[in-house]
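Here come two complexes built around subunit A, the first alongside subunit B, the second alongside subunit C.
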Partner chain A sequence: MNMRRHLALTRAGIMESLQYRLSTAVTLFANLIYLVLVYFLWKAIYDSAGTDVVNGMTFTDTMIYLILATALFNFLEMFVVWDMSRSIQSGKIILDLLKPMKFREYTFWSYSGGHVIQFVLTFIPTFIVVMIVTHGAINMGVNLLYFIVATIFALIVNFNMEMIVATICLYTESTWGINIVKETVVLLLSGASIPLAFFPEAMRKIVDYLPFRAVYDIPLTILLQKDGTDTIKGVLPMYGLQLAWIVILTICGTLFWKHAVRKITVNGG
Partner chain B sequence: MSECTTINESKRPRRGLRFYASIYRKILVQDLKSKMSYRADFVISTIGMIMTNLSGFVTFLILFKNFPSINGWDYHHMLFLYGFSLIALTPVQCFFDNNWNLRFQVQSGDFIKYCFRPINVFFYFMSEVFDVKGLGQLAFGIGTLVYAWVNIGIPVTPWVIVKLVLFLLTASLFMIAIMNAAAATCFWIIGSGYVMVIMFRFKDFAKYPSNIFHGVFRILFTFVIPIAFVAYYPSLAILESDNIPVLTWCAPALGLLFFYLSYKFWMLGVKKYDFTGS
Partner chain C sequence: MENAIVMKNVCKEFKILNRHEGLKGSIRDLFSRDYKTIEAVKDVSLEIARGEIIGYLGPNGAGKSTTIKMMTGVLEPTSGEILVNGLVPYKERKKNSEHIGVVFGQRSQLWWSLPLIESFKLLRDIYMVPQKDYEEMLELYRSLVDIEPILHKPVRQMSLGQRTLSDILAAFLHNPPIVFLDEPTIGLDVSMKDKIRSLIAGLNEQKNTTVILTTHDMGDVDALCKRIVIIDEGKKIYDNDIEHLKSYFGSYRTLRMRLADDTWEERLIDESREDVMDVIMKKQKEQKIKDIQLQEISTEEVIKKIYEGGNRS
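Coming up: the complex of A and B.
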């Protein structure tokens, strides 16, 4: 494996994303307004509840969880599904398939640059604002390191899910529909719209074993040091779960893609 | 590109509502025909839309399992607001969905075709797409609203029904205005799709009582990005019929004003497009 080839793709991605500085600025600004909305909503909810802690989550925990889930969402967002359907329509996919690199690998690395930029320009500023607003409620210790590792795993899980969904689209020729189903399911079951801690017991048991949790809930739980993740002993099972899903999804995704790629029909050219 | 302006603004004879209705019907039939040729896509998109609504509903249920009320609003009142917002969001989904394509058309230059027709550009552009998926949302909204209505025990009188229809229409104007304005930004900023995405995300907060906001933000979410009018203020006309706030009474006029302003902004974009494109 030649790392230089991969990093060249990352660099190209970084340069490409820097072309859309305005978009990044607006995203950041929107995140801040979103932060305000989430703040007011949950403040009202917690004020009405009468207790400070609900299901082991304080108001501050919930705030941090939801805001950073949104920031992670912006950071992890990939348009694999859209890009793939467009490049099939235009025929560009042929060129990508001919590249001297596996298609999945190529796709992953060409998105990596965008991730780097999004992380630096939207995630980190949002993180800092959250730190200020909550008066340093996030513990600044080794949990940050655990969090970063978990986020990288989350990125890989997310990529695999995106690729599988994009591959499904090759068969259905319906991009919007499949994409909205994916987005809805992922956002709900990963804890991005409401923290998983609030889910009813029965539902929680199912959700805990689904891959979606590995994307948002696990990194954020580790960051907030909930569910016994304040020690490495608690963190390791979380990593285990993420890694297990990475292996499963990578194998399924690769096989599925291999099967699908023979099916691609490009009109014209 | 001066023809566009001339045809559309000076020489155009005044056309009545009937003329526009018949044109709308003709374009609509074409749109539906072309959609039916992608049947699988249609079915999957409909499922997707239902999933979105279901997931919103599940989030809502989970929230209320943990918290009995929000700012004095109990479960059924919140459901009422939720159903109300879903119905109010239907027109923007059904009739103004083409806004999502605006930026692609403007960027590729295809938008010019709308300028060459002797009818209102805004009307022609919007009439091209009717989003059938929005009807699923409508059904979902009506179901929720009726359920909440029965449980709260609001009496059904002709006056209440008139108010309901009037204020639902009012509420829908605000969301249409927001999306028009958001879409029209693409005339000035290339690739401004994210503005629409963000505005569309803000609408998720329409289903909560807006009295949770304080200070500057209450003003911001009432008069600048008017999500407070998408459900909260209009629905008070039904829920608090003895004590209707002034802003609720202002809502219809404000809705028309917002819609008019967004329309003007949109058309300003078209005019700007005339001057740069060729």
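Coming up: the complex of A and C.
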């Protein structure tokens, strides 16, 4: 496969993101406020629990998990749904459809540069701060490598979910409500706002196999070496789940998108 | 030689929901299956040779954009055949788009926050243009327009004219055999229009690019197109060169006479029915004529007559 097109899009995405330096600073600041809130909320929860360990996680564990989840959220966040609905309304989508690339491929690689920048500007600084504050609670070993692979898979799963929701919006012609529902569901079921360890047993069993978990919970679990992921034997089933969802969502997303494009080409959108 | 574009009996229908009035009507629409069919393009056949510049005209809502969208592959015709560069566009949209360039008047395909040169580089890579061809193209651009001042300017800081110019350059960058220009001069000042016309003419001449131009500005047509196609209400009503257009309704000329009180009187004369000399002589019997001017009817006036329904009978 010739990567010239893809890397060119990544490069342009990086340059575009760098135009908006201020917005990165604002994101970091907003995170800080959010994390203060999270800190006091969970402090209260642990205080009222009366024990140091709740659901197998200490207060420090929970905080590290949630802080990194927030950082990961900023890094993985995509605006495919918003951008697509805007470009449909303005009619600009025609110009994107007329690029000599598959639309999904084109979209994915257009966003890739932004992710690279977000990773460097929000995730890495947060990670370093967590490292310093917790005096090395995170192991610096091969788990970092496992984590990066899991994050790339997470990115692809997340992109697929975004594309599917964006495609639904093509049919409904309204975006706001559907996107809010999607964001809430993802944040709740992926572990981005509450660690999955805190879910009731029955619910946990279901959530464990849903694609949302592949986005935030799996990379973080691997990074923090929980649930037996301190060996490759424990990591592989996690990758397996992520890859399974990548395959399923890619196939569904592609077919769904093809159907939607046919609708546009037949009825003029 | 093979034609750039062939359309045979192309029709395009849209199904749209019949909307009802008022709150009650809106609620009814939620469950309504009451569709009506609109025929946007009716039985249009067209052949366009390589290297031609075609003026594709018609009043607003006549079906111009729909035809263009079908040629680019974004819309699928309801019936009929289209071949662009020998490909069926809606079936092979990706492949087709490698060989066409598009400019849609008020939308830009450029990367908003980046300098123009970065958009060029990106398009070069997306269309897999060899570096040598890319440099030759930039050289050609430099010889046709002064691109240095805009090349390193972010697109969002450009004036509308500069942006349109940039978009046209971007559409030609991968040297496509066909370029679609949908109202490229909309909203531009006189000197920018002139620049853009000479740029299009220059590129067409140098690269033998087929250009399909839709516009409402007859200046564009007069400056660029030898052949024009007019559609109205989805039907092709005229397809010939621009000279023939002027005699489309008979040969009209405008006679202007300056009368004794220094006012000008204007009359549109159909030469197939009355003679110019007769009109002048008749007038001269009534009063003194100080000066006479005879003007060819402008393209704009002919088009206006056509749009206003000269041919709807």
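Heads up, the rule we're going with is that the second predicted complex is superposed on the first by the 264 of 269 C-alpha atoms of A that agree within 3 Å, B and C clash if a C-alpha of one lies under 4 Å from a C-alpha of the other, contacts with A are read in each partner's own complex, and residues count from 1 in each chain.
The rule we apply is simple: contacts are C-beta pairs under 8 Å (C-beta built on N, C-alpha and C of every residue); 3 or more make two chains touch, one makes a residue touch a chain.
As the structure is a computational prediction, the values presented were derived from the model and not from experiment.
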| item | value |
| --- | --- |
| Which superposed partner A:26 touches (first subunit B, second subunit C, both, neither) | first |
| Touched partner set for A:12, first subunit B, second subunit C, both or neither | second |
| Subunit B versus subunit C as contact partner of A:132, first or second or both or neither | neither |
| Which of subunit B and subunit C A:176 touches, first, second, both or neither | first |
| Of subunit C and subunit B, partner touching more subunit A residues | B |
| Partner chain(s) touched by A:97 [first = subunit B, second = subunit C, both, neither] | second |
| Which of subunit B and subunit C A:4 touches, first, second, both or neither | second |
| Subunit B/subunit C common contact set on subunit A | 20 |
| List of subunit A residues in touch with subunit C within their complex | 2, 4-5, 7-9, 11-12, 15-16, 19-20, 90-92, 94-95, 97-102, 262, 264-268 |
| Touch list for subunit C against partner subunit A, complex | 14-15, 66, 69, 72-76, 90, 93-95, 97-98, 100, 102, 104, 107, 109, 111, 113-114, 118, 121-122, 125-128 |
| Residue numbers on subunit B that touch subunit A, as the complex places them | 38, 40-41, 43-49, 51-52, 55, 58-59, 62-63, 65-72, 189, 191, 194-195, 198, 201-202, 205, 208-209, 212-214, 217, 221 |
| Of all residues in subunit A, those that touch subunit B in their complex | 20, 22-23, 26-27, 30, 33-34, 36-37, 40-41, 43-45, 47-49, 54-55, 172-174, 176-181, 184-185, 187-188, 193-194, 198-200, 203 |
